[in-house]
Structure formats: C-alpha cells, structure tokens
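Presented sequentially are two complexes of chain A, the first with chain B as partner and the second with chain C.
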Partner chain A sequence: MQQSTRPPEPKVHDITEKFTRACNALEVGQLVKDDLFTLFESIGALEIMDSKMDSGFLKPGETLEHDYDALNSILPEELVGIMDQLLCHEMAWHTGYPLSQTLFTSVYIDNLLWPEPKTLAQAQFYRGSIPDERRPGVLLEALRAYCLAVIKCCDYVIAKVTGRDYFEEEDFCTHTYNRVLFVQIPLDVFMRELDAAIENIESEPDLSEDVRSAIITRLQFRKDFLIALDPDCPLSQLESYWPPIRSNLQPIKDTQPLGKPVPSSFTTKIQRRLASTVPPRPIVEFEFKDAFEKLQQICTDCEQATNFVDLPSDPIEFQSFLWAYAGRKPAPLTYARSYLGTILFHPETLNTGMSLPLLDVKGLVYPLSPVTDQSNWALSPPRNPLMPKSPRLQLSLLVDEFIERASQPYLDFWTALGQNRCRLRRMMTHVIIGWDNLQADAGIVDEDINRVVDEMGIREQVLHDALTTWTYHKKLWMVERIVLLGFEQDIYLPDEYASMYNFLSIIASRRALVLSRISEHHAQRIASGIIDTSDPENVEYASHIESLQCEATALQDLSAAMAKLYTVLLYLRLVPVPKRPFSTEELRYELRMKPFLALQPPEVEPFAQHQALLQPFGPYERPNAAFAASMLDPKSGLWTDMEAALQNAKGRLQGMKKQGAAGAKASGAETAWKEEFKGLVESAVLFGVVIARLKGAVRKVEGSESGVAVDVKVEIPAIVVGTKCSDRWIVPTVSQKLK
Partner chain B sequence: MDKTEASVYLSQFIGKNLRIHTSDNRIFGGQMKCTDKDRNIILALTYEYRAPPPETIKKAVEESGNPSTPVSWNSRYVGLVVVPGAHVKKIEFEESGYGKSNVVL
Partner chain C sequence: MSAIANDSDKQASSSGELQYIQYEGDKEETYLPAIRQLISKDLSEPYSIYVYRYFLYQWGDLCFMALDPLTNALIGVVVCKLETHRSGTFRGYIAMLAVQESHRGKGIATKLVCMAIDAMAARQADEIVLETEVTNTASMKLYERLGFLRSKRLHRYYLNGNTAFRLVLYLKAGTALKRPDMGDGAMGYGRYEGGDNAMFGAEAIA
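Let's turn to the complex of A and B:
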C-alpha cells in the first residue's frame, strides 16, 4: 500500500564533466540564466563558503556541533544565572532582534525544541532513553520548566503581535526558523510544570535559603508573566494580571548578583541548523540592567493599556488614549502596542450600541439631532418598494451609507495611531489621502441629507453639510499632528521653522473656522429653543466644542507668533542656514508640502504667496529699510502682532484648562493630556520672555545689511527625540552676550 | 563545444533541480537559476544537506550493530544561494521520477 503512495525516486545523473566543459566554452561575462531572474534578485543570494554570509561555513578546525552537554549538572547559582541570561535574551528579542541571535542560541532551548517533540513529555534536554544516573536532577528539571515557559511566552507574544499591524524585521522579528513553539499545547500544562518545579525546589535540602528564594521568585514570575501574555484572557480581568508580576520584579533585580552566568550554554553554532536565509550573526549581548528596564517597561505599558477597558464608550476618548499611549516615554515596545491594539479591536470594545464612527460624527456635528435620532433606525421600509420611504428612514439609510463608506478610512486612522511615533507620522500622511477622498463622497451624501431635511422642514435644526464638516475637521486635525510630530521628531531644520509654523497656523485657523461654524449653529439651536441647555448631553457637547475651539485657536495663534519670531531671526541672520548648493527654496517648500499637495481642501499655498508672507521685508540677506524701522519701533506691527497673537493664545489656553481633560474627552489619558497642556503653557510663557528680551536688545547699526542688531545671544535648542511633549514648540533661548 | 552549443546545453538545466557538492562536503539541492563561465551557480529554493559528524555515525553503528546502518543527514532550508565555481566539486542533475524530462545529458 505504502509503496504506491510514495513518489518515484528521482534519477540522479552526474553531469560535472560536461557542465564544466560547457561553462568553459562560455564567454567572459556571458550568463546562462532564467529570463525572469534579475540581477537585483541575485544580489540577495547568500554566497556559499563565504564566512560572512554562509552560516554553514566551518573555519579550519572548527567543529559543527557545540560541545556543551545540557545534561551536566549545574550549580544552584548557575541556574539563577542561566534564568537571567534567558531573560536578557528574551528582552533583546522584544526590542527587535531575531530569535536566532537571542533565545535560540541557548543549548537548553534548542534541545527542548529539536528534534521536534511530539508531546511535551518528549521535550527534554535529551531524546530517547538515557541511563538513570544521567537523568536531570531537580535543578535541571526546574530549568526545563522555566525554559518551556519562556518558549510558550514567545509563542504567545508572536500570536499577539502577528494578530495586529506590525512591520516584520522593522518592529519585531516573528521568525521561528521552522521551530514550533509549542503552539498546540495549552497554558495549564506549562503551569503544572512550573508548579512542580517550585514544589521540588522548596523541598530540595541542599540549597541555601537566598538562592532557593531567588529560584522560586523567577519561577513564580514566569508563571505570572505567562498567564498575563495569554492571548485568550478575558477583557474584564486584564488589569488583574499585571500587578502580581510587578511585585516579583524587584526581588529578581535584587537577587540577580547571586546568579552565575554560564556563557558556554549559548552558542551561535545552533544557527547552522536553523532554517535560515540570512547570513550568520553574532549573539546579541544585552545587559541585565537594560533587559530588566525593558521588562519593567513592558509590564507598566501593558498595565497602562488595560485602562483602555474602563474608558467611556466614546471614539474621541479612544483617540486621546491612543495618541497619549503612542507618546509615552520611552516609546512602548511592539508587544505593548499590539496588546493595546488587541483591546481596541476586541469585539467587546467595538460592540457598542451605535457604531464608533457614527458616535464620532454625532459627537461633533449631530448632537441631539433629528438626523441621528435612534428611532430613525427603528422604522421599517414600506412593504411596497415603489412607495416612497419616510424621510426619517431615508436619513438613517443615508447616514448608514456614509458610515459604511467611512469605516475603512476610520480603521486606517486608528491603525496609524497604534504605531510607534515615527511611523505614526508617516502613516498619517497616507491616511489623510483616504480622508480627502472620503470628504468628496461625504459631499454627495450631504446633498441627499440636505434634501431630506428640507423636505421635513427642519432645516434650522441640522448643520448644513455636516458630514463634510466632520471629515474635514478630522483631516485637519491629522495634518496638524503630522506637522507637530515633524517638530517633535526633529524633521525640520531651524531655517524651516518659520515656514512650518506658518503652515501649522494656517491649518489650525482652518480648523478653528470649521469649529466656529459648528458652535454658531449650535448656539442658534439653543437660541431658538430646540435644545434644552440643561440636557447632560448638551452640557458635555458644549464643553467639548469649547475645548476644541480653544485648542485650535491657541495652536493657530501660538504657531503664528512662532512663525513671526523665526522670520525675524532669519532676517537677523541668527538662524543657522546650511549651505545647499543644489537646492532652491521653492523645491524645499514643495518637498515639505508634498504629503499635503493632493489635499483639497486645505489647498497648500502657492510658493509665491508663501514667500511673500514669510519675507515681508524682502530677501533675508538684504532686508529693506522697513525692517530696521519696524524692529526699532516697539509699537510697530511686527512686535504688536506677535504679542497680540501670544496674548490671545494664552487666553485660549486658559479656556482649554477650564474645560479640562474631560472637556477634551481625554479623561482616560488625563495625566498625558495635562502634561501636553503644561508643555504648551510653558512654551507660551517662555516665548513671551523671548519676545520681550529681543525687543529690548535691538539697536541701530549703520551700514550693516539689516540696519539693526541685537545685543543678546540667541540659541535654538537642539531637539532630543523622545524627551518632552513640549518639544513640538521650539522656543529659542535668549541670554546676555558675554562681553 | 562552441559557445552556442554550451549555452543551449546549460539552458536545459534552468529551473531544474541540481545537487551541488561543495568542497567542504555539503550538498546543496535547489533549482538552477543562473551560471557563468566561472561555473558559479545560483540556486533557488535551496536546501543544505550535511553529513552527520563521525561520532554520530559511530554511535549509530554501535547501537544497531550494523556497519551499514542508515544515518539521516541534517538538512535545512537556506533559500537563494550562489555556489562559487571554485568550491563546486560535483554537479548532479536530479531527473524527476515521473517520466523523462527533455534534457539531453
């Protein structure tokens, strides 16, 4: 029977001699190749027998196999040491190194995984039968339980990370090199192994107490960690998993010096047996101190992510939380971000009475509106399809149509918010294009809604072109964040600050305009008695719109003032301008505006207009006489505009503070919101000081290009990426010049 | 053999499975993609095969008592590789067991 199912054996022919002759007959440079095979592909080929590329290459005298015997008994201190080494490798993997350079270099881990065990009982440091005196003792058994749990942790981590949007080899390496990480074996089996190990260690007589407790703490930690990583944890209990881990972290750190590492139990030779299309790479050396920090960070970040479960079911709250989470310092690791993503996209989170995009729309443009009245959705269509549908039913169908259309851009937006900060900026530049298209479609639905609303005679109750307004507002918000993130990530050079703050100010002013239209309409509805002002929904709405308005206007004014200041500094030649022999200002402007050029609205200003605005006194190198006059006159528009804008911004910030995190719908991320707010206020205050000092230090200089000079030292602070939120507002420092 | 003849002969093996024995006694089995005058050969979808170390063979023979007991070779996937002509010791063409391929050896 078996004979017939087996494929026939291939015939093998030795063609060495003729092949060699044929090759010799070829001309130099002549290739015999597959037409579809390109030179580009060939670059990716690994060169065999090249020690740098061929992981299977043996240096003269080098043996293939390592000579570490995993069955040799180990000291208790060595057990602690190996456990900590494994932890270091695990954390190195979490930061983005592949398993082949980290955990898979451990002989113990390799022995458990290869040859592939069919059952967990087979997953031993040996295979088959061995004499009794060679059987591993209590310590090795404890190490085995620990290693098994480490492997299962990796399996759980991979499951969670691959379940969300991540970038292989950029964020994280999920490659397991054809090793199966006990995917099929359930959690409780590992728990039993760990429990048994803890029990054995407790009753082992020849152990000093501190080493005993060090081992038990580690096993206990592994237990808690494994439970917390389990992807099937119920959402409601998530927050209970992380505190027990935290309690075990300090003792691990304290007892770390007890351990005695065994470096010989890790070897790169194992890479020779891993299915690998990459060159051999060295073992990653990760210090315990760093690994421990990363571990702590994963625990606190995940614990913080569990707060998401308690958020009010409001998409703006979600948005604030995601924004704050992405901005955590230090930046959350891939696993922690996937952890939050899993909660966000969990069916329980998404299962709200009203779909989340609809809630978002309602929260901005349709508060207490007949368009989003729940009862519209309760109407059934007429039995006869030729009969006209009732207007309310039409409204619900139109809104549903739009929400369905919006769901993909909305999902893309949230996906981008779940990425790390740098990628968030880049991804948002793509997401806004999707929202731009959405806005065009929203216009079509808006027309239909306007028609139905007119039919119903409730024109004054419904914001005109509400869906377009909502889409536009969201898009503007994203454009603002893209520019702000650009500052935060040190994308722009100091001589571009004026231009970018100016752009930011234009975008924020557009958003402020949209918001004022919304709030005017709302005020009208209140005035005509359609809305009861004491309705809690109205109170919440009014506070939110007020907060948004204040924020947009504050951004607009602050960035406008910043743009003006940097323009002045450019005229004073106090901003470092690098030599750029091959670029023009126009090309650079186009490059910076590239992500936004396709948008309509907001259309990017043409370069001529942009330049006229940023160079009011002519070219920076040769300003006209008006510049010196304006600079020397404290009452000139140059100074008063800047001061007024700043004053206005400060007032608006106060308004924002009054509404608080709750008004901004960031109650779930209050600390982060407050910090961001504090950064804004601090920048505004510092900025005021800078203006005052600069103004006081201007003096006339005959014969110089600009006609004026300042008697102070102006420095533009360097941005250290990933430090403070206020990094988005780069306020120069002004100090007395050293005489 | 002139260069046209050589080119026709070698083209037959494009996309076919070759086994290349290297000077360090490994065998690489994969689909031929490209070759040149220096007998450098690019293989795709390649597996590396390596004879087990002598101790393993000795142990297997001792355990089974049979001096010609089969010992399996270690293999692993290595993907796209180029074997430099200088290290090519032997080239074998693997003809599929299902019927004749149109290769003139």
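Let's turn to the complex of A and C:
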C-alpha cells in the first residue's frame, strides 16, 4: 500500500471522567432527550450485558463461536436430513422470517458465503489449502452443490420480490447481512455443480439404493426449482417450468423419513457475525410437513400465475384474475405474488395495441363508439397550427389526455391488488382517493368531449359524461370491496353488521344506477339503429353489462336484506352489544366512514339520516310499539321488504349465472369466479331459511322492552379468517332452543 | 361522572383494595424495575430501558399503576403517550398494559385503561389507538367493551410473525376530518401507517 493513501492515525480522547462528572449532575430517571430521539430509536437501543438483547453476551462457559466442523464426514442419511432441514429453513424464510433466523443459521451455508469468496471455486466449506485427507468426499461435495443452489435460489427470489411493491419485514425479509448471494454468477454454473453431484452420487458404490435415489431426487428438484426461479425466464415458456418440479415433490416427501437431521450444523451463534446491533433471535423451527406444504403452495401458485400469460388482452380479465389470485386460500406467499406481478407488469403484457386503461374505458362506456374509433388516432394535425383540428382528432387527443392522467391511479389500483390481503384493503382506501381526484379531472375532459360531440352532431351516439361514469364505476367497485374485505378480515363487530351491510347496499345501489344509465344509453343506440346487435363486439358488451348489472344489484339487495335482518336482531337484543362507556354511536359512525368521507361522490350519509334508517323503530333498547306489531305480522313491511330484497338478489344471481364467467370477464379465473358465485348463492339460500325460521318463532311477550321474543336460538358465527370466501356474508344460525 | 364509575360493580369491589396511582418522574427508582419486569415477562424480546424512559419521561402522567396497599408490590401498569400524529389528530396511544397473572380477571386492566383514557380525554385527545394480537381475545374484549373498534388488520405486525388489529377510539367529533397542519399529508404506504409505533402492544392481561 502506498504511504500517501494511509488514513491518519485515529486520535483517542478519554472522556470517562468528563462523562462521569456530567452524569452526577443528573438525578436517576432524569432523561436528557432531544427531539430527534424517536420511539423507533428507543426500540432499536440495546442494553449491553443483557442476555436477551446483547448478542455478544456469553453465559458462563459459553463459547463465542460454534464448534461444528463442516469438513467432518457425514452419513448419506445425514445428507438427506440436512437437505430437508435447509428446505425447512428456506420455506420459513419464504413465509417472512429473516435469513438470520433461518438459512443463515446453517454452518454449511455460512462457510460458503463467508469470508466472501471471489470465485465460485473459492466457495467451499473451507478457505485456503487443506490436507488431502481433509478434502470433502462425494457426500459433502453433493451437499455443497445443493447449498450453492439454495443460495442462488435466494438470490433469484430476492431479485423478484424487490422488483415489485412489497413491504420489508411484513411481507418478506430481503436482508442478506452483507453476504453476497452469488449475484454475478450465472445459472449454468450452478447447474454444472448439481449435474456433477448427481453423476458422482450415481456412481458412488457405498450407497443403498433408496438413499441414493433420495439424494438424486433432491438434487434434481433443486435444479428444476432454480430454473423456474430464474428471473430471466421468457414469458412464453413460464408454464413449462413448474410441472417438472411438481413431479419431484412427492418422492421428496416419501423419502423424508430416510433422512437423519443434523441439528448441530445449525446455530444462532452465526448471528453474532451477521449484525451486531440486533438482539439474538431464536432459530425458526419449521416442521418438514409445514415446509413441504409451503413449497407445494409456491409451486401451485406460481403455476397458476403463469395462466395470466394466456388471458385475453382485456383489463377486466386481468382485474378478475388479480382479484381471484389475491383471494386464493391459503393466501399466496410474497414470492408468488411478486411472480404474478412480474408477469402483469412485463412489457409484453402491457404492450397491447390499445392501452389497457383505454380498453377498460372502451369496454364500459365507449363500445363501438365514434369517440374511440381507431381511425381517430390515424389523423394528423393540420400543418398550420393556427388551423382548427378536425373534431375526430380532437376526440383522440382528449381521450389520450385522460388516459395519461388515469395511468397512475390505474397502476395504483393494480398494485393494490397484488398486495397481501390486509394491505389490499388498506391500500385500496388510499387508492380510492386518487380515483376521486381523477373523477374531478374526468369531468373537465368530459365537458370538452361533450362539446366536440355536439359540434359533430352525434350527441345521441355518445354516452354523456362517459369518463366520469367510468371512473365513478371503478371507484364504487373498490369501495364495495373495501367493505367486503372488512367482513372477511373480521374488522367489524356483530352490532356493526347492520350498519356496514347497509352502507354496502347504498354503494352497490349507486353502482347499479351507473350501470343502468350505461345500459339505457346502449339500448337507445340499438333502438335507433346505430349499433348492429349481431356485431360480436356488441354481443360481448351486452353480456358484460348485463353481468355487471346483475352482480351490482344482487350485492345491493343481498346486503340490504342482511342489514334489515341484523337490525331486527339488534331490536331483539340477540346481538352482543358492548357497553362502550367512552364512545357514542355517532363517533363510531365517523370512525367507520373515515376512508370514505373525502369522496365526492358518493357522499357519506349524515349521521342523523343513517340513524333514522338503521333505527326505524326508535332506539334498539326501547323500540316503539310498531316494532312488535310488525314482527308479529308476517305481511308487515319489516318482513316483506326483507323477503323481497332476498328474492330480488336470488333472481339477479340467476342472471349472473346466465352470463357466466365469460360475461363477467373472468374466463381466466373461472374456477375462482364460480367458487365466489357459489358462496353468494349459498349465503342467499341459508339466509332465506333464517328469515323463515325467525318469522315463525316470533311470539308476543307482554311487558318486555320490545314486546316480542323469538323461540329459537340465534347465533352469529365467528369469522375464521382465511377459511372460505362466503365469510363476507355472515349469516346467523337459527336453531331450536334447548328446553 | 367519569367512565370508571360507570364500569361494572364487580371490579370496584374486588379491586377496591388495590391502590391506583399515577406514575411520577421521581419514582423511577421505586417503580421502573417492577414495571419492566411485569411487562417484559410476556415478551420474547425485551424493550431496552430507553423505551420505558421514552414514555415515562415524556408522558409519566399517562402511566397508571395498581399497587398492593400492604406490600406496595406492582400488580398492574398501563403506559401511554399523547401527541400530534402526522394525520393531524391529537392521538393517544396505549403502548403497554400488563397485570400480574395471579390478579387477572378482576377488572384491574380495565380500570387502568379507564384511568388512562380519562387522563387523555382531559388533555383533549381526539382519539386513542393501540395494537393487539388478533389472537388476544381477552385484550380485544376489554377494549371493545370500552368503545374501541377494530380499524385495521396488520399482517405479520409482530416480530414473532403474528398479525395484529389496530383498535381505535374516537373521543371527539370531527377527528376523521382532521388534516395535518403542515400540509405534508404524506399518506405513504409506510410499514406503520399508524405512526411510529413499531411492534408495540404488550397486552399481558389474560
């Protein structure tokens, strides 16, 4: 090293005495805190010599470093065992635990990665030269090849996850603690190592056949898995990568009992060298059974994601697929979500003839419309900029302006659909604000389009305020989903169900209204002969609008009926109602409506109006006489409204069924669509039974607060999050009372 | 009348013998070790002393303790903070709540939380929030009885990988409409939208 580049010698100042003196001026417990010391920093602080916080703390007799020798020969069964232990750790990492508590606790992995090897040849369980008799044999070499591939798998996974929107620590831990996971080394190098290992194991004489085959299966699986994880896989071939992995999974599971785990080859002591500022944390114990399930799940989910490639180039098909994928049970892991996200945001997916948001707009409000006629985009502006532009050119420019404005909210919407289920709901409450702003801007462009259309004399051909209509429709769809996800995630308490189903019904009714405007306009165009009904685009459009209308109305009616039922249960005091000494109904309503208060439209109903609707017979604890009278009269509005709403919902569901997954533009997610549809139908049927039973069980009770009682036991089922899709529709159970 | 008095009679009689007091800064030597011990008992990873001091130094008057009148032993404690949140609300936060195992089920935690809420309400808090594990039904029941609602589900919120609910109690009308003064309404999708309350919620009450 050159003399001149040497850094200056550090100067050491002893401040002990100064510090001690300064401390004496303080009382115990008196804190000197500046504004920059945050809670986050206080949490990050560690106390030296506290064994739970100080990773360097040694118990009496404890050594700083582990004493596992990675060059000691291992049994063939131990090789199988270690491979499976590594798989368990890998899957634990996939579910969200950091590498420091999973794979990086392996001495083998650590030895390969640290000190950092300059070449793959240097990545050995040892560094430098060792005597020949210490050189690893065939089994350790096979383990090394396997470990190298595991590490490269992690590298690929991190690349894919960080390439998309994800939340560090919540979704996934990408931290590698300054270990470089062979980022620069290409796939084929790892393949060669694995192939060589397979060859050696095949020709190794002292192996029983079942163990030999168990080892080879694992090496082969690792090859296939690594290939499938390669981020540079061409889109068109994605689907070919997953089936071979699946074929190797069962043999791995079957041969797992042959393995002999080596727990001593994993140690938390390695954490001390990974990060000194983090408390020691236990190794995550993941059972093979659970790890295997996760592995299967990743493979199935990724394989499912590859179907996205074959979807029709229709943004609603995309939307249906994303929604269905997010709703898969068990929920797809972060890697699988990133995998789908990468396909969605791949240039090949996005490069469609017409931009995806424009296709979306066209598919709802501009079918076969002169506004979105392709030829409008072929027109050139006049050479003389002072000359007026042709109206059709103006239309294309206006539409382009709007689509450009819409692209960010649109992207945000899709990004939200790719998040974990909890985030999806919360992110959507932010996304709707963006769409609310977009709607205001859509109104401005709509005015211009209206003007041009009037100039052209084609007013009757074009839906008035189409862009506003489209934006509003999408926003309402999201608001509905936010509420439905709230039920699914057990956010609401039973005594809020009436109110939340009522809100859902209001939102769905708004959307149904929007759709009926669209459909009326479409009918007029057909009536005046502007549209040829046999045009395939028209056939597809008509089916889609019908499907949407049925769905929105079914949602509106079913939730209205639910709201009415839960209102009755509140009056009957059959819903648990907490005392809530610190809260009022009005404050709780405000809190619940918070995500929607900024929207214009739909404006949230004022509390008084909301309360009047939800408490038609006065306060729940003291209903007026009309309640008992209505309850006892099977022909009263209380019952007939509920029954009519349910009946309507059932009819609309039939309408939805008729249009099928294709009409809903969910043909790429048909199974999930059918499943969700089935859940809706089942809920509606169950619900009908509940109404009938309840109605038949009412009797008069003189002197009681409500004046009536029901001779049945009513239970509101607890929501078990992540179980089935109809858990958004919480139908109470009604059973005979035990005498 | 304070809300505590409205609460069930059962706890008033059974916990009546305990002494409920407010923490004060000069009591650190007397109480902090016991507070730490009580709270860290149920934590896989203990908070450093700075976490406790962070709260107690700034909001000692929002910390309440239940003491055994004979031995002065700490039976229960609640630790809070109250400050302007970046959403613009004056937000109270219940950071820690713990009651000794042998004394649970007697309404001590409820009483401590009620005292904290009363104190924060007296200081014009707009809202009070906290997180609790989705599986901690006793804790959720306690808060929901008082008026809290679940506002968010937080995936893998805790270090152990468990999911949390954020619970919220509005104390004033108009809280939902409050906006930040500085105009930096950065509604980012941060890890902790609720603020900087990383992984809190020592809810050792049941």
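Heads up, the rule we're going with is that the second predicted complex is superposed on the first by the 697 of 739 C-alpha atoms of A that agree within 3 Å, B and C clash if a C-alpha of one lies under 4 Å from a C-alpha of the other, contacts with A are read in each partner's own complex, and residues count from 1 in each chain.
The rule is short, and it goes like this: a residue touches a chain if its C-beta (ideal position, glycine included) is under 8 Å from a C-beta of that chain, and two chains touch if they have at least 3 such contacts.
Fair warning: this is a prediction, and the values are worked out from it, not measured in the lab.
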Touched partner set for A:423, first chain B, second chain C, both or neither: second
Touching partner for A:699 - first (chain B), second (chain C), both, neither: neither
Contacts of A:597 with chain B and chain C, given as first, second, both or neither: second
Which superposed partner A:27 touches (first chain B, second chain C, both, neither): both
Which superposed partner A:58 touches (first chain B, second chain C, both, neither): first
First, second, both or neither for A:279, with chain B first and chain C second: second
Contacts of A:45 with chain B and chain C, given as first, second, both or neither: both
Touched partner set for A:13, first chain B, second chain C, both or neither: first
First (chain B), second (chain C), both or neither touched by A:97: second
Set of chain A residues, in rising order, touched by both chain B and chain C: 27-31, 33, 37, 41-42, 45-47, 50
Residues of chain B touching chain A in the complex: 1-3, 5-7, 9-11, 13-15, 17, 19, 22-24, 26, 28, 33-39, 42, 44, 48, 50, 53, 74, 76-85, 87, 90-98, 105
In the complex, chain A residues that touch chain C: 27-31, 33, 37-43, 45-47, 50, 52-53, 95-97, 167-171, 279, 281-282, 420-423, 425-427, 430, 433, 489-493, 496, 578-583, 586-588, 590-594, 597, 721
Partner chain A, residues of chain C touching it in the complex: 3, 6-7, 25-29, 32, 44-51, 53-54, 56-58, 81, 114, 117, 121, 134, 144-157, 159, 161, 163, 165, 168-177, 187, 189, 191, 193, 196-199
Contacting residues of chain A [partner chain B, same complex]: 7-16, 18-34, 37, 41-42, 44-50, 54-58, 63-65, 178, 272-277
